[in-house]
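These notes are about the structure you will find just below.
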Amino acid sequence: MMYYFFLVISIALVITALLSIYFRDLLAAIVSYSVFSLVLTVLYFLLDAPDVAIAEAGIGAALTTCIFVIAIRMTRRREE
Amino acid sequence: MNILQVEYLHWAPLFWLGIFIGLAVVVVIIGKLFFRNDYNTVDQQSLPFYSGTSNSLLQLITASSLYWGFKHTLDAYFLMIKRLFISDVEDFIQWFIIIVAGMLLILTGVLW
Amino acid sequence: MIKHVPVLLVAIPLLAAFMIPMIGMVNRTARTVVGVIALVMILAASYYIAGDILVHGRILYYMVGSSNPEMLTEHGLTFPIRIGLKIDPFSLFFIIMTTTLVLIFYVFSTQYIEENERKNYFTVLFITMVAGMMGLLVANDLFTFFVFLEILSISSAALVAFRTERKHPPYAGYKYMFVSAVATSFFLLGVAFLYAQYGSFNIDYLKEAIRGTLLDKIAIVLLIIPLAMKSGVVPMHMWIPDTYSEAPAPISAMVKLGSLICLYGLFRISFSFGMSHAHVSYPLGVLFIVFGILSMFVGVTQALVQKDVKRLMAFHAVSQVGYMLLGMGVGLTVVKSGDASFALFGKVAMIGGLLHVVNNALYKGLLFLTSGVMVRHFKTRNLDAMHGLAHYDVFTTVVFMIAALAISGIPPFNGFVSKIIIYESVFQYNPVLTLIAIFVSILTLASFMKVFYSAFLGMPSSRRPMEQPVLVKCSMFVLAVFIVVIGIYPQGILKAIIEPAVNALINF
Amino acid sequence: MSAIVLYVTFILLLTIGIIALLFKRNLIKIVLAFNILDSGINLFFIALGYRENAMAPIFTPAPLDSVITMVLPTPQALILTNIVIGFATTALMLGVSVLTYRNNNTLDTRKLRGVEEYD
Amino acid sequence: MRLLSVVAIVILFGFLFVGILHLHPVGEALGNSEVLQGRPELGIDINGVSTMDDYFLRNGQIETKSNNIVASVVFDYRGFDTLGEATVLFIVVSSISMLFFTFLKSKSIVSAGVPPAGQFPKIESRVITFGSFIMYIMILSFGVYLVVHGHISPGGGFQGGSVMASATALLLISFLITRHMQRTRKIFSFFESLGLTIFIGLGFAGITISFLYNFLAHTSTGFGRIIAFGPNQGYLISAGILPLLSLAVGIEVFFGLSLIVVTLFHVSGVKDTNSLR
């Protein structure tokens, strides 16, 4: 039962990671990374690590995205 | 085990220091005795002799032209170094990965 | 109180660093003084334990948070459960070197870096960098090692980018952080592989437990190569000139010291995990020798053609690491061979390598400090534009001469001692290696002739001479005195500190 | 047993991170790749400490059975540390790359290529 | 060169793949998987304990009097790592302040936190301001709950601090904070240093026995009160110095992370006078 959960979530992880590398629009890449972090949070929760899940949700999904967006705002949005 | 017992000489730094100081004293004494004190520091005597040119710009050999012969001889080597290490950010991780892979191959004995 | 020294070495700088922002708001002099007090305290602590460890052969263990911190395992267990700290003669050697040099560099920076509100942050980062170094040196736990490696890396990276108003330093800081992040990530991966098998992070415990399986070998590679990268071994050295040359002079010296401490981690991990089996230690030693020869040769040939004085010195930093790797590598190669070759020359090679560490830290630090003075005087790093410093600044000239002769291995100074020990012992292993080492030494002398010729000799420049502040002169003078004293009387440091250190490393 | 998919995911994330570090030239994208690589290592640690049909190492919501199993607590503690360290690294790298952009007006590593040391 | 590095990646990939086949399978972690109950109270039991984690699971509750074993590992058994990790955060805050020093001292504020025209629209309606303020309070109280109950339920200093700091981002959206930037930074910086000083002070408080020694857990009243072992509800006042350390770390992490975000956000709206461009 858990195996299928892990499989689905792993596929989602790899896809979001690939997408966040693939997008040349940095904002899209970062939104994709945010989704990646959220999926990782769910995975941590399924792996019985609620402490890590809360930290990943707070830091990985929210704050990292936030500072990335600020950094992009100060530089430029697209890769050249 | 005396690790500084070198095969041909004994490492006695104070002895060597004494010799150095003695030599320096001898040089100073010889200089005082035999060289002129009224060495002219105003005119061209103080400037380096540079193949007869009077162009003051050429009196200083710049640092980048100091070992030009060495550089010129080893041009192929330096160009290879320059091509191998481009000093980019991706260059660092590239060499890191290559060394890790090579070490894995060597240390785990896959190669032999 | 002596039993608490291992943790105090880390905790005192951290406490000072945490208080400095609050103090700095009130009074800037008080902030500088607090930094000096913290550094002097750890210096005193390190000398305080030196006698006990070196003379009586005692090894200090400390389990942080345990009810009996000197007891390795609690409640009759066979494995440690808390974070272990440990000071044995090998780490004590590095601790004494670090605490001494760090105080000198700090004193240099108090008058070298201009005084404004930004210097509060500079001081904080400097002190945390010291705390990171101390944590690395006392850690007996792989994850603690990782955490303090991060502390060292992050504070160094920020300090490398200190002059943000100039063009290149931010990118240099980025490069430093990139290299550190790669290194620490892979280091953590290696830790994970060891934890997965043995369920512990304690280096002593892992050393006993390690079995030499495939996973162990992968883990050893993943632990060693990041540290080699952090200490700038060819072919992973190109970040060194890029970062060292952009940092302010005391920070260049500090970052150099940090990379020597990564070299400490490299030696400790390779000697504790690699020595359990001869089929690991022999190829590891050979690889050390190969990396050492490569570092020496590539570093020095690249240094010879530089025009930028700080890049030239940074390439020499790469080249000098090669000597240490050569000495230690010869020792590691023969340590498990079972015949008399280790007693004959292997141990001497290791002694030479370790002596070269402290010598290199001394004269390299002095060279970086003098380069700071030169750059400040000429307002450029280009050697072509420099000439005639000797006309004004006799003190800097003499000090630079001492350092340059020491790094080239000219007899009355300390570089000669360690180099001749390495030559003599490596010659018995393989004469070709000694020939290469001597050749590299000659090239080193040639490149420093170039610096001396172009920066100090020649026409006096039209720029007004600048008198150096007294603390700047003092710190440079103390370093020069150390160089001369170790050169004239090396037996003292060899017998008192380095031989116990090598013995501890072998029997570790 | 078949949950080895977690280890495979770790390797894939690691490889994606390394490939992005190698082939991406934007400074901010490199930081992003680092985050992915770090997440992979975190996932590996958590997967190392996982036990099937166990529960989180917290006694408060535990059932009152005679025998209960729990997952390992140490990897979770370490990963808490590593997540914050990763955030710190990210913040510093982003700060430095913003300054690099201000000074050089580009984020492309090819255009930022350093000093030519030999000519 | 490029080809060689690709080959190297493939080799590394292969080695890691072979390596994970040698590892224990997922879900069967090392050690003895049972946490026994109903054992005699107040005794450290090392029967059948073969690894460090076994010891923590079996005896962590007895030794630290905390129901959350992760919290007891983070703050007690591996408290030194936690100190180092809090230091990392402190360093980064100092670094960001140092790197953007010229920005922060700059008087020429383009617009306090509001981006230049054309990049993002200026959103400053009452709904957003008020709504995000309400959300801020709710998230903040959730974070405080996480920090305070760190030794009983999932949570602790880092988790609660990061949750609270993510609420700060909401304040940035509503522009509530950027109007008082200098004051905000000073207050945040002070509290961050305070949290760290409390942490290391608690560490020094036990130095007669050892650094970071859990001295309160060995009394029998107050924070060291004897709790029922095994599954139980737990008490808020228990677990020795763990709640205090958790509180200190919570303060430090909240203000540190907030300071990073706030500083970067502030900097993005400031025109640097020292710019080379």
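Which chain is which? They are A, B, C, D and E, in the order written, and residues in each are numbered from 1.
Just so we're on the same page, contacts are C-beta pairs under 8 Å (C-beta built on N, C-alpha and C of every residue); 3 or more make two chains touch, one makes a residue touch a chain.
Here the structure is a predicted model, which is why all the values come from computation and not from measurement.
Under the contact definition, chain B and chain D share the contacting chains C, E. Annotation: A-D is the more contact-rich of the chain pairs C-D and A-D, by number of C-beta pairs in contact. Closest to the protein's overall CA centre, chain by chain, comes C.
One inter-chain figure worth recording: chain B and chain C are separated by 23 Å, centre to centre, where each centre is the mean of the chain's CA atoms.
Chain A and chain B have centres, each the mean of its CA atoms, that are 52 Å apart. Distance between chain A and chain E, defined via averaged C-alpha coordinates, is recorded as 19 Å. Shown for chain D are the residues that touch two or more other chains, namely 3, 5-6, 8, 14, 18-19, 21-22, 25, 27, 30, 47-48, 50-52, 54, 56-58, 70-71, 74, 76, 78, 80-81, 83-85, 87-88, 91-92, 94-99, 102-103, 114, 117-118. Annotation for chain A: residues touching 2 or more other chains are 50-51, 55, 59, 63, 67, 70-71, 74. Counting partners per residue, chain C has 143, 147, 150, 154, 157-158, 161, 164, 167, 170, 174, 178, 182, 196, 214, 218, 241-242, 302, 305 as the residues that reach two or more other chains. Contact between chains, using the touch rule, shows up for A-D, A-E, B-C, B-D, B-E, C-D, C-E, D-E.
Those residues of chain B lying in contact with chain D across their complex are 71, 78, 81-82, 86-90, 93-94, 97. Those residues of chain D whose C-beta lies close enough to touch chain E in the complex are 1, 3-8, 10-11, 14-15, 18-19, 22, 47-52, 54, 56-74, 76-78, 80-81, 83-85, 87-88, 91-92, 94-96, 98-99, 102-103, 105. Residues of chain E touching chain B in their complex: 1-2, 4-5, 7-9, 11-12, 15. Residues of chain A that touch chain D in their complex: 2-3, 6-7, 10, 13-14, 17-18, 20-21, 26, 29-30, 33, 36-37, 40, 43-44, 47-52, 55-56, 59-60, 63-64, 67-68, 70-72, 74-76, 79-80.
Across the complex, chain E is touched by residues 84, 94, 97-98, 100-102, 104-105, 108 of chain B.
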